[in-house]
Structure formats: structure tokens, C-alpha cells
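Both complexes below contain subunit A, partnered by subunit B and then by subunit C.
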Partner chain A sequence: MIRSFFLLFIFLLSFNVDAGPRYSDPDGCLSCHAYEGLNFIDENGVFRSATIDSEHYASSLHGSVPCKDCHREVIDYPHKVENTEVDCGASCHIEEPSEGVKYSHDVIHEEMDKSVHADGWYKGLTGGNRLEEVETEQDPSCRRCHSNTAYIAESQLEKFKEAFDHAETECGNCHQGKAWMGQFGGHILRRFVGRRWNNIENNQLCIQCHGDIEAMRDVTQEDKETHEKHPPSERFVQSSASYTKTLHGRLIDANSDFGASCIDCHAPEGWKHEIRAYTDEKSASHPDNLGESCGQSNCHGYTKKPGNEGFTMTDMHSLSLLGLHSMDKPLEDADLWESNWFRGALPLMVAGIALAIGSLAWWILYRTDKKIIAKFGGDRFERVMIGRKPKKARAKAAAKKPRVAKKVESTEAADTLKETTETVVKAKAATAEMKETPKKPDVENKVENNTVADIAKETTEAVVKKQASISEPAETPKKSDDSES
Partner chain B sequence: MRVIQNLKAIPKVQKFRYGMILLASMSLLGPLAFLPQLVGNDDLCGQLCMRRFYLYFPGMTWDDFFVHVNSAAIGVMAFALILITTLFFGRIWCGYLCPVGGLAELSSRMLNDRWKIEFRSLPQVQIRYGYFGFYLIAMPALGISACSLCNFITIPRLIEAMSGEYRGMIYLVSSVGLVNLALLLLLGVFASKGRAYCQFLCPIGAADSIVNRIGARLPFAHRIRVAKERCTGCNICARNCMCGAIKMVDKIAVVDQMSCMSCHECVDVCDWNALAWTAPPKHKHNSPKRIKKNTEIFPLPDWQAIHIHPVKENAEGRTVPQISGVSIFNAMVFLTVISVIIVGSFL
Partner chain C sequence: MYYRLFIIGLLSAMSHHVMAEGLYLQEINNTVLTEQQINESKEKILEHKDVEVREKLNVAPFHQRGQLNASLEYSTCTGCHLSPPHTKSERTRTFMNMHTQFIACETCHFRPKDKQLNYQWEDVRDGMPIKAKSKLFRQVANAEEKPQERVKALHSFYKVTPFYQANAVVLRKSDEFAQETARLWKAGTEDEKAIRRASIHAPLEEKGPECSACHDKDEQFLDVTALGANNYQADKIYNNIIAQFFARYKDEDSRIRIMRILK
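Our next item is the complex of A and B:
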């Protein structure tokens, strides 16, 4: 399609036609409608204007199309309002010069017919009250999006004129005649030069309606199979708000070429009008077709290949991206408590709170402590990174010197009387050495000291009650600990 | 008064470093977000994202890669800049500028050490590259958004929330935000020295570490280096190292350039000038400065950046480096299997 279009463009580049008068009004409609103040009050009591600004019309896209080409039912004067309705799908009187086929919007009409917007007034384009359409109809007609905009954007006008002049000399060599240049050449050139819609404006078109959250709440959706009517989901209502939070929306907001617009994903093919519900199997946004849709040229090309099903499942309208203020019931069970992320967060939060409380309590109670070893993993750090022996081995080493602890752990004090007497003597010798070294407060080893002291106490009581004092053997493990570190 | 004394006791370079982190945080995070706003962003996502463009999607071509690069062009440039500075000066971004790891570290340093989790002794290189591989390859295929566990969202949002912005609060009470907040608490605030997220999960840090390790051999590279003959084995550097990069091997400090952030704290605390942040020395290795009366004199320290420490012995009795490719591969497989089980149970 694009290629044929391009060839056509190449042909059209050689043209030689004088730009004829464009204020044609063969049917004489403007003899009345050109009057300013041609107003009336319709049956709904709405003040309406029937004035047509001839200059504005002529500069519009349909400026070269005579009124009666579209308003076919208007035959005589005065005409009824109902007769002014237009069928955009009907063929025009304008002919495509090379083929002689009458131009028609029917292709787009057919595509539109398949889309979710199919129930609009697209056959009664300019007929009827615009206000009434907006208020009563949830599906758009053609004109709701395609207002008869100016032919060429003002910013592009100079460029267009340049191209038009060029076309007269170049394309006009072959494509001579008024039909080519006046009616069709400009039309084609506009497509290339006057392409005035970028992604931001494309999205703005959709957001005009879909951004109106209150209006979207009033939409009724119909199940294709059961024909049951139901109110729309919150996901549908918030679709434009959540989209702007995604990377796609953010890139387009930043005027980047890499963001995907609404149409890029929802109607990537053909004439960009076939927007289907994501539940429809033919829809571009159906899960089965996402690989193809996301993998369009310049986008995520790899999604066409297997193994990317997970990637295409990324939710582009995720409600979790939205602020609470925009939601109806923000903290519904399904949204929060039953969310896997939230479940994952709970144990982590509990651990975090425990650490916070512990940290605070420890700061209040023990903030003067100098030697601090972390509660969780501190011992492993000492062992792996510093190279000290593990805690148990340290305790063992501490108990090794007097050789008391290990023996008495078996609690057979009566059998080992002889040995214990020897160890007590050794312990006494050790404490005699220790008395020379200054004492240091050591919080960490308090527990160990106590146990050793208790054990030593038992043993010494068992042997000679008066000989040993309690504090003496308590000093022994400290020496071993110091020497180690 | 004790607080002021403690603040005064901070080494000079560390004061500078904390100041730089705060400055970077103020210019990169909300409510001012001065630097991101130069490109029309108010957080570190979108065009500024440094963490996404290298993800590998199955069947990806170079064209797809360049699309990713283009859509985050500024982030890619910043990432390249970080890697280049790393090559010359060590991981300056991570240690001195990164507001995400830096703020977690600063808040962690204000807490009592007793009730913190000591992550530094874990095999961090294996875990880091295990997760890195999982992040690059398995997460895209599984359909987990790389953004869902990203700290570069959480910290800016947290700051926004604290400065009263509505969107930040909204993020933090969303379920993804809660998980990230909890991760920030466990791997940041309540981690010993507050850098566990950087050690284990940060993909920028993982890529940066590789450059740091590769550059360590280059003659112009500034790195944290050890003069072995000066080290007394007092282990104060290992205790103070926030990355867990210093390990006492045979009672001598050994720096792991795969983890070191060149934060300079070890140099500040060492009483023996056994560590320094310098380029490799000009003099030849092991050559005496002069020989006096047949005695070789070594007055110049031999600054060593890389020590392949012969810790493990294999069956043939040869010594092998402790961090081997096999162990990293095992960690990758292990992490992938665990993650698939966890994710699978959620789906």
C-alpha cells in the first residue's frame, strides 16, 4: 500500500496546473449559508448557527468538494434538517484520475464497522445535533474525531506551497489537467507535507473522550457472546490515566519518537480504525496477538520470537500505577490484600519493624557499649572476613586452658575428683599470672564467664570448700580470648 | 554533645563523601530534582533510566537493542560516563555520588550496629552476578518488569513522599512500593553499613565492578591498594569497609576489586598507612631501592590492587582463586531456579 502510494507520489511530482479558484459553489448553497447570523433555535431549544464561513470551508480538507456531493438528500429549497445527513461511506464525485474510480471512504467505513466504536452515528455525519450526539451516544461518529480541520497546518503552509510549485513543474509533465493537480495532487501532497498529527495529538484525540473519567463510568459494555450489558471495569475507566504513567505514555509526553501511542497498539494495521476489544481474538491487543503487535517495526521486534510471552504480558494499563484519588474504591481487597506483591511485602515489613524496634531499644539501653557485633550474621562476619574462630570454637578455646569445662560437662564430678584437684591447682597458677594484667570490662564474654565460673564453683566445692574463691577461675578465659584477637 | 563529637570524629575524606552524597541527592532527587528537570524529567526513570537498556529479550537483535538505547539515551550516556570514570578512578559514582545507595548508607550509619543484618560476609560476588544474570536474561523472559524491584524508583519516590508530594506517597502504599520499601529497609537501612543492595542487586554496580576489576591492572588506574609489608593485621579496615571488600587473609588485608567502591574509608582508619588510593607504583616490583652493605632495603611500599588469594585447594593440590567462574555460574543457576519457583507460585 505504502509503495503504491509512493509511486503515485512520484507521478504526482510532475504536474502543471494552475491552482484554480477554490471557492466553487455550483449548488448555490452559500447564497444563504454564507450570511452571518443565520441562526435558529431547534426543537431542543438549543441555539444553533447555520452559517458557513466560506473561507474556512474552502481551506478545509473537503474544501474542493461541492456541498451536494455529500448532502445528497438536499434537493430543493427550503430543505429539512433531517435531509442534511451524510453517509461518509458513500462514494464521492471526485475521481481518482488515473483509474477513474470514484473516491470513497468506504474502506475506512468497513474497518470502522468491525471496531468497538461501530455503533456511532457514522452514517449521519453532519446530520443531527452535535450536542445531542455527545450527550446520548457513547460511540463516536466520524465527525467527533475528524472535525473538518484546516487543509494545511499554518506551520506547514510554506513547505506545502514550495512542494506544490515543485509538483507543477515536475509532476505536471505527465499528469496534466485540473483533475490531477487541483483535486488530487494537493490531496496527496498534503498527506506527505502537511502531515500535522504527531503522537501527542493522536493520543489527545483518544483522551478527549477516554480521559473523561466520569463519562467513561457511564459507558455500558456488551458481552459479544451473551449480549449482556454491564458497566465498564475500573481498568477501562482509568485506561488513559494509567497509560500516561507507563513508559509509553511518559515517552510520548516527553515528545520522544519512541513512545507507543494508543493507535500504535490498538489499531496498528490498515487504516487505523479497527480498534477491537482485547477479548476479541482478532484484536491487536488480544494476548495471542500481542507478540505481533508489540513487535511492529521500530518497536520490540523480539516479541515475535518465542520465549517472550512474559514480556508481552506486561500490563500497559495497570491500576497499580494510579493514585488513590482517582479510584473509586482504592483499597479494595483484590487490589491490596490479595496482591502477591503485598503478600511478599508482609514478612519483609515484619522483619523491618522488628529491626527498627530492636535498634531503637538497643540505642536506649546499651548505647555506651563500645564493642558491637551485629545480631544477625555478625559472628559469620568475624569468622569469614576477619578470620577469627567461630563463636563455639572461641568458647571452647576459652575453656581449654583450665581443662575444667570439658570434663565436668559430663557431670560425673565424683569419678573425676583427682583430675579436678589438678585443674584447680592449674587454674590457681593461671590466675596468679592474670593478676599482673589490668582488668578490662568485657560485655561479650559475660555469659561464658558465668558458666565457666559456675562450673568451676561446683568443682571447687566438691574438692575443697575453703581453697578456691569464685572470682579467680572467672578470670582465666579472658587471657585466651585476648591472645587470640 | 556526643553527637557533635561523633560527627567531628568522622575522617575528613568521609565528611567530603557524605557531603557529596547529600549534594548529589539534592540535585538528582525531588523536590528540586534539578538535574533530571534539565531533560524534563522529575525522577530517574524514562530517558534517564540506566538499568534497563541492556536487558536481553529472547531472540533480540541489535536493532532492538539500539531502540532500547535510543529510548533511554541520556541514561546510556550517564552509564557510559560512570564506567569511564570507574576505569580511571575506581567506582566514584557508587561511592561518592549515587543518591540511591548513598542515602540508604547514610541512614544506616545513624543506627546502632547491634540490630543490623551483617550481609558483608556472604559470598557477594557470586550472589551479585547470579542475580545480574537472572536480571538480564531470566526476568525479561519471565515477564517480571525490571522496574518492579528497582531502587531507582523507590528512593526518589520516598523523598517525594517525605517532601509532601502526593505521587510519592501513593507509590509507597502501593503493593510494589511496599515490597521495595521493605527491601530498602532490609538491604539498606538495617544492613550493616547500608550497602547490601549495592552489593547484591544493583545492576549498575555489577557492571561497574567488572570494569573496576578489569581496570585494576592498568598502569594509570587509581584503586584502593594494600602495601602488604605495612599491614599489621589489625583488621580495622575490614570492619569499616562498607562493601565487605576487605578480607583478612593470613592476617593481612586483601582488597577484592570486584566489590571495592574506593570510598577511601579504609585508608582513613588505617593507622599504618598500609592502604592508599593510588595508581600503581612506578618502581619495579620487588626491586630494592638500594642495597646497603649487602642488605636490600625496601623503603617504598608496593601498592598491590589485586590479590588472587590462594584459599581453596583443589584435588590436585593446586591453589585456585576463591571466586571462580564455576561458583558464579552455580549461583546463577541457583538463583534462577529459586526465582522461577517463587514467581511460578505467584502466577
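Our next item is the complex of A and C:
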């Protein structure tokens, strides 16, 4: 009986295991800071605002984090600046649900420590030292890239709502109670919905600094082994501009999901803060690791296979993409001799120059005004197109005929041609005469015109026939002479 | 009949603009400056150091913050003073600047003892008076019924402004006097500048009224109910905890435990 009562008590108690309302302002900070327009211009001329948009804060990433979890030392008013400092690596009062460990960004800080941005501020952050950071620091602090944005990005809100509608039935079968749904359901769903930032947003974050060419020129780099400091290379300075010219950069500009963002190549694994220099062996962009990096996420999977490494050698930050070279002394440009295009074209260029010089020499030394006689192909042309006998057959036939007879024939042919020419001249004169005489009735004109036309036609046909009969015997002796000589 | 009405309306509108210079400008013109006032003005000009207002920094604020109040740009004061103008007192500057969203500069700093001013809402863009109503207050009128909707955004250009004989006493940037002052400040001599500065400031009080002047029911420098506040809104204004805090701790140098603010 007692046992039954005890079970009933536990059962009833279970209904009260519920998430209470989350107070993000237990210290009453928003009593003042929620007022709009708490602005001023500080002694450095920076526009400052003490206003916290309370609605936005409640729906932000830190919406359930009380102000004092970050601004720990604020105890009096007016607040001392040093008391408002934030350490992003400190643990806060939010507990990781599975193990009850207090949450902290310190893991991220450890990652950053290994990266090229290791010197960026992660603590001592106040509203008043943003100008100091801008003027003195070249590495980004946490806040340079991250602000307290909305918990669910506006672009993902509809997707999230749709997923959340199913959460109570999908997840709620096992995970019952408002506490679970309120505290963890949203968080887990948010992760399932996908990345907060798309590739364009990812790139904008990097380009915000790396796209500022003047600021990049002011960067000082340090050799990891010798610790020697040196100015950045032009390749580093122009890295953002050269990337935008590549296929990846252009795809992302065109809002395509197929382009690889800066992060995709420089920090491809789950941890996005460990961006190392490409000279670092552990870097995703180190030449030895490019096969893995390019082959991630079904991008260029074949690069992981031996023999395909060459593909990864495509330079994503080549200065040659930018057309920055001076053309004053093009052959002295170091990049020119490293260009595969140039090396491939070099033999063709040499051959072209030799051909040009040879042609010029021939033109100067051997050029004559003699008629060019076809050495090849002329015989075939005459046989096929004109219908003449082959050259050898013609030479043979010419050799058989006696020379005198040919001369007689030639004289006869010349006479015939002379007669024909005279006939044509007469016909033309008659035609001209007809044109000069006044017009007669149509019937007579027709008769006369027909007569003249007939004469002209007959004459022309006769000329053609004669010419055809003349042409062969006229040429034959000449050619036979050639063959004899 | 309509013709007469039109003429009357036209004359009325013209008289409004003719009289638009208001009491403040009349006071400036009527002020006879003493040698001491001019000398003090000279010193102030010499001591003054221009603050170069920065453009947006590459490192943005972490939290979503407020925006610059656009209505301040219509005031002559921000021709010389910063916008927002209060910078010196670490203790009160943010709260003073917060009030510039809905209180004209002259409301606090132009308080002639021999004249009776009355206060109304005014659209700073065109100087037209706005009818008093509860919607003009930040605190919503029916918050008891809708506790989730306690506050709302203020209208960007409506401000409580002093009026004298139906004319607003404020000086606007578009006024001829303000433009002449701007020209003088560029091309004028040191003496001219000192005289102009002294005459502008002579009718003004450097220090505004205490918080309690409006936030205490017994003082009523501004009659918030006449400005349109209903009983609930008026009660919230009279019992504001921040005003009560400043009433208790007036010492500029002291630092107060936050927990005591909220008492």
C-alpha cells in the first residue's frame, strides 16, 4: 500500500518536472540597458551604444545566458571598463546536457591557438576597446568574425519551423516533457537544419579582411622556424582577388553550391578555426594534403587515388589570373618561365621564328619574276579537268609525227583562223550598221534581227570549232620541242 | 466666402513662418553681452578640441545595438555639438542622450524665468505641432492588459518642444540665423565667433533640470498628462527606478553598487 502511494507520488511529481521560464536577465541589467538610444560618442570619437535590443537578445545565440556570465565583474555604476571585460574562453553556467559539464568556448580557443590567427584577442574584450583592436591588431579576435546573431538565422527560419512541427512526434516519442523540447530540442534541430552560413557568407567573413589589399600589405608575417619577421608576399596580399577569378570563386559569386569556399579548402574538417599556413605539414592546403582536402565531401573524390595528384596542383591563388604583370620587360618576369602555357608554346614560337626568317631569306635571295611552272599536279589537272591526254602519251604522239607536216598543218590552221576572224569582223560591222539605221515596222525588224542573230550565232560556233581544232595541233609542236630538248 | 477663408488661411500660414524664429531667437537678439561673457566665450573656443567622429569600425559591436537618432540633425545645436550631444558625464550621458530622442534641446536648456512656456509635441522636420495622445509614449497605454507588449518604438521625429504664444521657440538648422552662424564660423574672426557663441548661449542654462522635475509627480516641469499620457503611463513615468536612483545618488564621482539601483 505504502509502495503504491510512493509510486503515485513519484508519478504526480513527474508532471512538475518542467522547464521553468528562462530568465536571461536575473541581475536586472535590462532595466537600464533595454532603453533605446543609450548612445554617446566617446573620447576617441567612436559612436557607442549601451542599448541592448532585448527582443533580439532573447532570440540570439546567447539568449539564455545571463549578462553576468560574460561580464562577470560588473558590480557597480558607472561600470568600470575593466569590470566589463569578456573572456570568450571562460566557462559559463550553461551545462552540456549529457554529462553536465559547464559549457565553454575554450576548445575553440585551443583550435585558434594552432592557427595562423593565433594572436587574435579572445579575452579582455570590451565595448570600448574595439578601436584599439582595429588600430593595433592584425589577427582577428572572436568578435571580429562573430557577433551575437539570431539563434536561428533568418534564412533558415522556415526550414526550422517545419522541422520543429514534427519534433514533438518524431523526437517526442522517446524524449517527453517540455524541458527536453524547450532546452535541447531546438538546439538539436538547429544543428540538423544545417549550416548557419552558406558559402557566400563564409567567404564574406574572410574577404572582409583579406579583400582589403592595403590592410593586407600592412600585415607582418613570421617564419615559424627562424621567427624572422617579413612583409607578406604579393601572392598573400592578392589572395582574395586571385581566388575570385578561379572557377570556385566564380561559382560562389553565381550563388552555386558547387564552388568551394575559403573554409572548405583551408579548414575542411569539422573544426573551422584551425586554419594553418599552407607551408605547415598539418595544413589542409599543404601540397601533401591537397588530395584529401580536394577529395572531401564528394567534391573531387578521385584526387585521393594515386596518380591523380596532378589535379590538385591547380593554383587557386595564381597571380597570373590577375594580369598584374608589367609588360616593360616581359621576358624577365619569373612567372613567365614557370608558366606551363609559356613552356608548351615555346617550341612553336621557335619554329615560327625560323619559318619567318627562312621566308625572308628566300624572298631576298631566290625571288625571281619568272613564271612559276607547276612541278606537281599540273598534269593531273589537265587530264581530269580539261580532258587532255597524259603528258607522256602526248609526248609519244608528238614524237611519231614528222616535223614538216606539222608546220604545214600549222600554216593551214593559221589561214583558217584568219578567215574566221575576218568573218566575225564583218558580222560585227553588219550588226553595227543595223543599229544605226532608223526603226522599221516590227515585222521587218524581227526578220532582220533574226538574220543578224543567226549570222552571229553561226559565226561564233564556227570560231569555237575552229579554235578547238586549232588549239591542239598549235600546241603540240611546242610541247614536242620541249620534250625533245 | 471661400476666397476669404483662403486669404485668412494663407495669412495664418505666413504669420506662422514669419513668427517661426520664436522666443529663443528674440532672446538672442535682445541679449546685451557683458565683457566677461565674451571673454569666457573666447576661452571656451580656444579650449575646444574637435572630436573626429569615426566611421563604422571593422570590429562591430557584439550585441545588436541602437542606431543614431536622425531627429537630432534638425537641431541647430548639433551644428557645433556632437550628435548625440552629451559626452562629459560618464554617469548620466547615456540617459541624457536617450532623452534627446523625444525631448528638444530647448525644452531642458531654454528655461526663461520671466516667461511662461507651454510644452507640446512637435514634428521637428516641419515644425508642425502634433496633437497630444497616449500613442506618442514609449510605454504602451494598455500594458496591464498586454504585459508582453510593455514598450514600443518611439516616433523618430516627434519631440516635446517649448512653445511661446503658439510659436515653437526652437532654432532649426534651416533657419537663416543658423545658416548665417555656420558661415560666420567658417570665415569670421575670433572676436565675431566669440560674440556669436556668447549670444547663442546667453539665454540658455548649461545644466538641464533634475530627473525629478519630470519624474516626480509633485514637481511636474512637464505635465505628461497634458502631453497625452494616460494614468498608467503617467504612473510609470513618475515611478521610474532609474530616475529614483539618480535622485538618491547625485555625486558624480561616487560608484554605486548595482544591486542598490534596483531597490
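Worth pointing out:
One rule holds for everything that comes next: the second predicted complex is superposed on the first by the 247 of 485 C-alpha atoms of A that agree within 3 Å, B and C clash if a C-alpha of one lies under 4 Å from a C-alpha of the other, contacts with A are read in each partner's own complex, and residues count from 1 in each chain.
Quick note on the criterion: contacts are C-beta pairs under 8 Å (C-beta built on N, C-alpha and C of every residue); 3 or more make two chains touch, one makes a residue touch a chain.
None of these values were measured; they are calculated from a predicted model.
Contacts of A:G45 after superposition on the shared chain: subunit C is touched, whereas subunit B is not.
Touch criterion met: A:E36 reaches subunit C, while subunit B stays clear of it. In the superposed pair of complexes, A:G301 makes contact with subunit B only, with no contact to subunit C. By the touch criterion defined above, A:Q208 reaches subunit C but does not reach subunit B. In the superposed model, A:E133 lies in contact with subunit C only, and not with subunit B.
Ranked by how many residues of subunit A each touches, subunit B and subunit C are led by B. In the superposition on chain A, contact is made by A:L348 with subunit B only, not with subunit C. When the two structures are aligned on the shared chain, A:E269 is found in touch with neither subunit B nor subunit C. By the touch criterion defined above, A:G310 lies against subunit B but remains apart from subunit C after alignment on the C-alpha atoms of chain A.
Look at A:R367: by the touch rule set out above, it reaches subunit B but stays clear of subunit C.
According to the touch criterion, subunit A has no shared surface contacted by subunit B in one complex and subunit C in the other. Remark: subunit A residues 27-28, 31-32, 34-47, 49-53, 56-57, 60, 74-78, 80, 86, 125, 127, 130-131, 133-134, 141, 143-144, 146-148, 208-209 touch subunit C in the complex. Residues 247, 250-251, 254, 256, 258, 298-314, 320-325, 335-336, 339-342, 344-345, 348-349, 351-352, 355-356, 358-359, 362-363, 366-367, 369, 372-378, 380-381, 383-387 of subunit A are the ones touching subunit B in the complex.
Only residues 51-54, 57-66, 68-69, 82, 84, 86-87, 90-91, 93-95, 97-98, 100-101, 138, 151, 153-154, 241-242, 255-258, 261-262 of subunit C touch subunit A when the two sit together in their complex.
Taken together, the subunit B residues at the contact with subunit A in this complex read 39-41, 45-47, 57-61, 63-64, 67, 70-71, 111-122, 140-145, 148, 166-167, 170, 173-176, 178-179, 181-183, 185-186, 190, 192, 235, 238-239, 244, 246-251, 346.
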